[in-house]
Amino acid sequence: MIGPHNIVLIPVVIGILAYFAGKLVRPVREGLTLLSSLFVCYVVLFKAGLNTIGIYTYNFSLPQYFDGFRFGNNGFSWYFAVIIAFSYLFVSLASFPLVKDKEYHGSFYLFFNIVAGALLGIVYSRDLVSFFIFWEIMTWSSYFLVVMNPNTKGKTGLTYIVFNVAGAYAMLTAMLIVYSYAGSFHFDRVVKAVSLMTNSTVFFISLLFAIGFLVKMATMPLHIWAPDAYTESEDSFTPFFSGTLSKMGVYGFILFFGMLIGFVNIKGVYEIKDTSLIGYIVAWLGVVTSVFATFRAIVQDEIKRLLAYSSIAQVGYIVTAMAVGTALGVAGALYHALIHSVIKLLLFITVAGVIYRTGKNKFSELGGLITRMPLSYLAVLFGIIGLAGMPPFGGFASKWVIYMSLIKNHYYFLLIGMIVSSTAAFLYCYKLIYGIFLGHPSSQGLMEVKEVPGFLWVPQIVLMMVLMLTGFFPGYIVPFIETAMKGIGFSVAFNSTSAYTLSAALGGFNGFVVINVLGAIFVFVFVWYTLFFPKSKRLHRLDIYWAAETPDENTPLHYGYGIGAELDRIPWVGMSLRTHITRFYEKTGEQISGIASVLKDVVFNGDGQIYMLYAILTLVSIFLLMGR
Amino acid sequence: MSTGMRIVDIIAYPFIAFLIGMLYMGIARNIIGRIHRRWGPPVLQNLIDVFKLYRKREAGSHGVMFHLGPIIMVTGVVTCLYFIPMLSDGRWLKGFSFDGDLILVTYLMVLGALGMALGVGQGGVPFGVMGVTRGLTRLIGLEIPYFIAIIVLMAHYNTASINKIIELQAGGLSNWAMFKVPLAFIASLFSFWGMMGASPFDIPGAPQEVASGPATEFGGKYLALMMSSRGIFGFLKLTLWVDLFMGGAANLLILVGKTFVLFVTVLFVTSVYSRFKVEQAVDFMWRYPTIIGLIALVIEMVR
Amino acid sequence: MCTDNPGVWEYIANWARKHSIWVLAYGTGCGAIEMPPTMTSRYDAERFGLRGAATPRQADLLIISGYLATKTLKRVIRTYEQMYDPKYVLALGSCTINGGMYWDSYNTIKKLDLYIPVDVYVAGCMPRPEAIIEGIIALQKRIEEGRAEGAKKYRENIEWYKKNQREVFGDEMLPDYTWNFEGGI
Amino acid sequence: MIERFLMNTHYIVLIGVILLLIIGFFGALTKRNLIKILIALGIADTGVNLFFITIGYISGKTAPIFSKNGLTASQMVDPVPQALVLTAIVIGVAVLALGLSIIIRVYEHYGTLNVSRIKRMRG
Amino acid sequence: MSLNPILMIAVPLFVAFSIPLLGYIHKKAGLYAMSATLLFNTFLSFSTLPHAFEKPIRVIIAGYKPPFGINLAITPFSIFLACLISLMGFIVSIYLLKDETTETQEKFSMLILLVVMGATGIVLTGDIFNMFVFLEIMSISSYALTSIRKDRKGSEAGIKFLLVGSISSTFLLLGIAIIYNQLGTLNMADIARRFSQMNPKLAFAAVSFLFLGLGIESEMFPLNAWAPDVYQGAPAPVAALFSAVTVKAGLYAMIRFLYTISNNSSFIKLLMLFGIATVIVSELSALKQTDVKRMLGYSSLGQIGVILFAVGIGTKTALEGAVFHFVNHAVLKATMFLSIGLLAKYAGGSSFEELKGIGKKYPFLAGVFAIGALGVMGFPPLNGFMSKLMILTAAAKAEHVVLVMLVLAASVVEGFYYFRVLQVMFREPEPTRIEKRSVSLAFVIPLVVLVGMIVGIGLFPGVLMPYFKGAAMDILSRGDYISVMLSGGGAL
């Protein structure tokens, strides 16, 4: 019967099938992928059941040594499974037109399906080995999707693989240490074993786990791979990459620090401001990430690089919210994870459509597309309202919960750091929508551009609806979050009653009233303005106040892409833009390859006689060292 | 308090703010005139200006978003107004403040400006975009001291709803927040002047440099809408500061009195200081007001 | 509440237009130096509701303060066409009336009225601030009586104006999108 | 144990073995010419074979030739090491022959037999 | 049990020396004879596998019962390795049917047979000198194989291999001589039984000599300097054979000697340290390589280092992981060398410049190479992952957390340089100078079989698990090895 344990195989098998079947009939790939995504959505929503804590031991002929994989489903995995399933559906829909005539058409669908399967595996696995296996499959299959389009730099792929593999191996070391205490990899046995560990071991394994997950969430010191990887990965895969893959880091962090190791155990080790030292440091890393990444996002000229940095910043909020380990914080992190993946899916799909249609991906080359692509304009408008966290839509609700959690637990300085970055976020939100849609078209070609392909409309419209839904009923998601939290053993944080309101520790707000008031006023003023006033004249594009001069077709009027140039002059911000941590990593890289080449030339220097000398010397050393 | 009265109360809400706001702007121009040793325009000048703009026969528009820009601005400002209680007696003129809290109001204040920015964007005037960019960059500077102040407030009164803060300040001058958390009030004052567009901080709409910034391409009826929303916005901030730091107002007269006192401080600043450059404004905001705010925060945490 | 039925509503509108005139001070000649004293403390035109407007979109009154070279005329016409309907022109100095001391110069405009409808001329080889304020008061009286309909006049005999302009500019005419509009908001 | 070892082998032969080994390895490690290295290795090999023979020697007994009649097992020296040495010698010869043929090939390509210069493949 | 296991050695020997005669009947007859015998060998070893796993078999040769006569000791671990060696040999032999290096010399197939026979002999024999002889046969034929192509690289590699190899044989002989002197016997089981009665000083000398000799054969760190040159110099199928067969025999000898015969725990600890050193040195030096074959050589050393590390840990799970890694390393390295051999043949060389964009020209071959690379790096669905995980779990259990981190760091470096090669192959524009030639079936079959094994073992490791458990038990249980070999067992 289809359940959490074999839902994982469906996308992987279909991916492989699609690859080979597609060699005969090309559109089979799209059909199979769509089929598999629909089926996955169906199973995740209905078949897997909201909180069936079923454990499907799945001894598929593994050495008795591992006493079998275990899969299961509870509120927490269901919450993330829904995110994965729906983004899998939307991204596959969006990718049909975009990848149709690319030469890597086959391998795209192969690896895309494998990644989706791997994510489901991660979310449903109930023991460390299967968690790690699917984590590694996700790493290498997403690697192939990153390096797929030919015009990317080779360095991007290598940086991506080195960071992610290193993170995964850090996690593996911690798992092995836990295994040596627990004697088994299953979560329930692990939870018991962690409590009897000594403080220093708990600190060491939580440090290693933190590294593993922070690499995936691209938090500051470990984020080097993220901007390039997000920008240069295949356009239609980036929504899945930034929208869902980074959420696996969130899932892992909460699962391991919430349930397996338990915040209370880590707190016992070194405590600061009634949370664990590691949690506090990671929270500060999250804040630093969001501030640096936001300012870095503002000055970008490439659309996808701006969105990449914005993803890093937004995930930085999630890291801060959950790292301090309070119930409300984790709830805020879960809520923001959902909202952020909805927004990033919406924005990246639309941007991919725009790039597909115009062939340009820089703000300085675009502009004035609002008349040609109204639906995409609306989609990006909804997206930036959510990204900036403005009230009418869900973005505000999740940020509100995070702010409330930080205030309630007295982490004021963390909150101030977060405010700096969330206010600066308005700048890159405006730059995103101005650079592409408003202002003047930078080249004539942009005037004949058509709207994004039909397939993209479905995800765009549905995602817009979701954003409005979370705006109308901010409390609607709360029961799901609470079941998720109970799944990992956290107490209930909200005290909001109905779906309309969202209220927690210090206050609350009624999303329904906010939107109705906004809507009513808007309608009133709009009607009053359109009917009771003389119709305004439709001015020509160039009929603008240009200090009495007459701008012609090729005067550069699309100034908006330069937003952020003034940040250099602001002392603190300018300094943050100039510091690059990549230099540190390049130096270590050179160091290692320096050692490698010295070692290579010294040890293997090609002279047969020296090799014989090595043999004799080893013999002599064995005699001396072991002889007495 | 029948529903009929409630509806009248709600509909009257923005118009009261509009009138008082325009009145204050008129008084401001008059007082600044008097500072320049000249008569200055009549107090109702701003109202006349707005009425003249409403009766303009022509208006040009660059597209739907251009047309909606000022409309969204007014919507944002009026919605934000509705979530701030003018009077503290809980019956009259309380708008919808019981359904929202301080963080919602903070974000709603910026909503209008962002909607406007979209309209400016379609206007296509480079001056407009420059004005918007300056406005948003200045916002980064302003938001920090303001947010530190409201954090101190929330921490001090352990609530985020404005009405509850007003109640906790009841009982005489001594337990106004202004005196309970004086440093936070001072820090918030700086950002208050900034948001009011007082002279050192009126960077976005500087007529000399960016030809009135966002409002460059808007004429006739759109300009009227923008001026009236700026008037309402002025009054909105005044009532918010009165509610948060001066214990709210029992009736309209007290409200006007307190807001006028606060408004006079803006005048002093506007007429004396010349305009900052954007980076100077942000740097200034992150230097003195933020430090004062942080001190207030530390005091608050210690207690 | 449609706009152009004469009645009370128009009277109130004209009263408001009289008391709040936003000036686009066009420093096109020696008269520009007179504008600051009229606006500042000594003569304080703000008493009458005058205020500087940054862009033609926001302005009601265009003050041409001096001789107009053909090059400047092109800018003036574009600015005038960008202003919205109840718009007035105040021409200072004798150069705008009949070319003044540049009466025989090859590149100045002799008679401003040929190119844009002018409401009030203020003679003088640069009238002093009092004279300017006098001119403004005369303009206010015209507005109050509803006779300051320069925009309608310009619209009705646009061909004539454009013919005169084409004589001066020859083939370097201004683009015509600033004055004839297709519909739409 | 040491006495039993020394007792039935002449002291001289043991020194000979050690000398041979030292000469062999010393030659292999210091000489540059490939052929000399091979010869040195051959010497080391003979040293080991000699050692192997001395192990089997029981003083006062003759070579284990079974076909000679009138020779009982008790008079014979231990035959096993001698058999082993035979195979070892054969192996030594095979290695030497193969080594020399490869050295001819190397000489064709490099034009020199100096081992320190035959290192195109390194690093 | 119809056939006597001795045939596994006798038949290849006989066929090897009859191949030059077959040369007259038909030029290619030698090749077909070779693969036929190897097929026979595989069949025979697989048929004796179940019997050996029930009870170790003792084969008496020429009537002399141990400890006097030379006899074969077929224990679970040795028969398992015999199967692996013959299977790998057979697969490489199919590949060789069409490989052009074999056209020129008919001796090639004879040497291949000798190598496989030598390796099988080492694995099966119960007599220490017999093991030395087989080791020498295998070494001599691999010296010859390395320089079979008579080009500069081949001969240089051959001479280096020969020099270091002869040192190893000298020390082995010395060690055996000391052991024989002290215990008077050459039978492994007998030596194992009375090893403790030896004079401690001489025992230590014997163990260190043998440790060194076998260390050279099993490519331990300070002694493996010759290996990269040989892997680069030898023709690709031969390199595949070396990594799959000869190294395994050397490792078997080392394990058999350290665990069963001398059971010297300090040397096992030393082996672990040398293993770690091998991993680190070889992975690091592979980082800066410009030639893919040499890089594969280093990576093969790295994998062997991991095996040595696992053997050095000494716990039961570690040994199971080591045996599992034996199989994976053999399969993976064979695939990689065979596929890079073909790619280099078509691209005209195996350096990065020549292999630019070859992935687009020969997607199948490059795809096989990529699957092999993913397997070697230990990415989950493929076989490399499970064995590396078992080894690391055992190491973590044995409190060697720092060493685990070192191995993982080394595998990150390994990930880096493998993906760099894959990027060179797949992402560079298609090379115009190489025209696409069809890949003949004889090359495709072995690769498909090997990839099948990689993915198969990766997905269903449970199938082989009982054999690993049996082999690990056999290594550890020194006592019943001695008792079976001396007292009785399946008398044949």
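In this document, chain identifiers A, B, C, D and E correspond to the written order of the chains, with residue numbering beginning at 1 in each.
Throughout what follows, contacts are C-beta pairs under 8 Å (C-beta built on N, C-alpha and C of every residue); 3 or more make two chains touch, one makes a residue touch a chain.
The structure displayed is predicted, hence computed values, not measured ones.
Considering every other chain in turn, the ones in contact with both chain A and chain C prove to be B. Placing every chain at the mean of its C-alpha atoms, the farthest one from chain C is found to be D.
Taking the mean of each chain's C-alpha atoms, the chain closest to the overall C-alpha centroid is A.
In terms of the distance between Cα centroids, chain A is separated most widely from D.
Of the two chain pairs examined here, B-C and A-D, it is B-C that is joined by more C-beta pairs in contact. Chain A and chain B have centres, each the mean of its CA atoms, that are 36 Å apart. With centres set at the average Cα position, the gap from chain B to chain D is 101 Å. We define each chain's centre as the mean of its Cα atoms; on that basis chain B and chain E are separated by 80 Å.
Inter-chain centre distance (chain C to chain D, centres taken as mean C-alpha positions): 119 Å.
In chain B, the positions touching at least two other chains are 57-61, 67, 211, 216-217, 220. For chain E, the set of residues touching two or more other chains reads 159, 163, 167, 228-229, 285, 288-289. For chain C, residues touching at least two other chains, in rising order: 3, 55-57, 181, 185.
Chain pairs that touch one another are A-B, A-C, A-D, A-E, B-C, D-E.
Per the touch definition, chain E reaches chain D in the complex via residues 129, 133, 136, 140, 143-144, 147, 150-159, 162-163, 165-167, 169-170, 173-174, 176-177, 180-182, 186, 199, 202, 228-229, 232-233, 285, 288-289, 294. Those residues of chain C that touch chain B in the shared complex are 3-4, 13, 16-17, 19-20, 22, 40-42, 44, 46-47, 49, 51-52, 54-58, 60, 83-86, 151, 181, 185.
Against chain A, the residues of chain D that register as touching in their complex are 25, 28-29, 32, 37, 115-116, 118-123.
Those residues of chain A lying in contact with chain D across their complex are 597, 600-601, 604-609, 612-613, 616. On chain C, the positions that touch chain A within their shared complex are 1, 3, 55-57, 75-76, 78-79, 82, 174-175, 177-178, 181-185.
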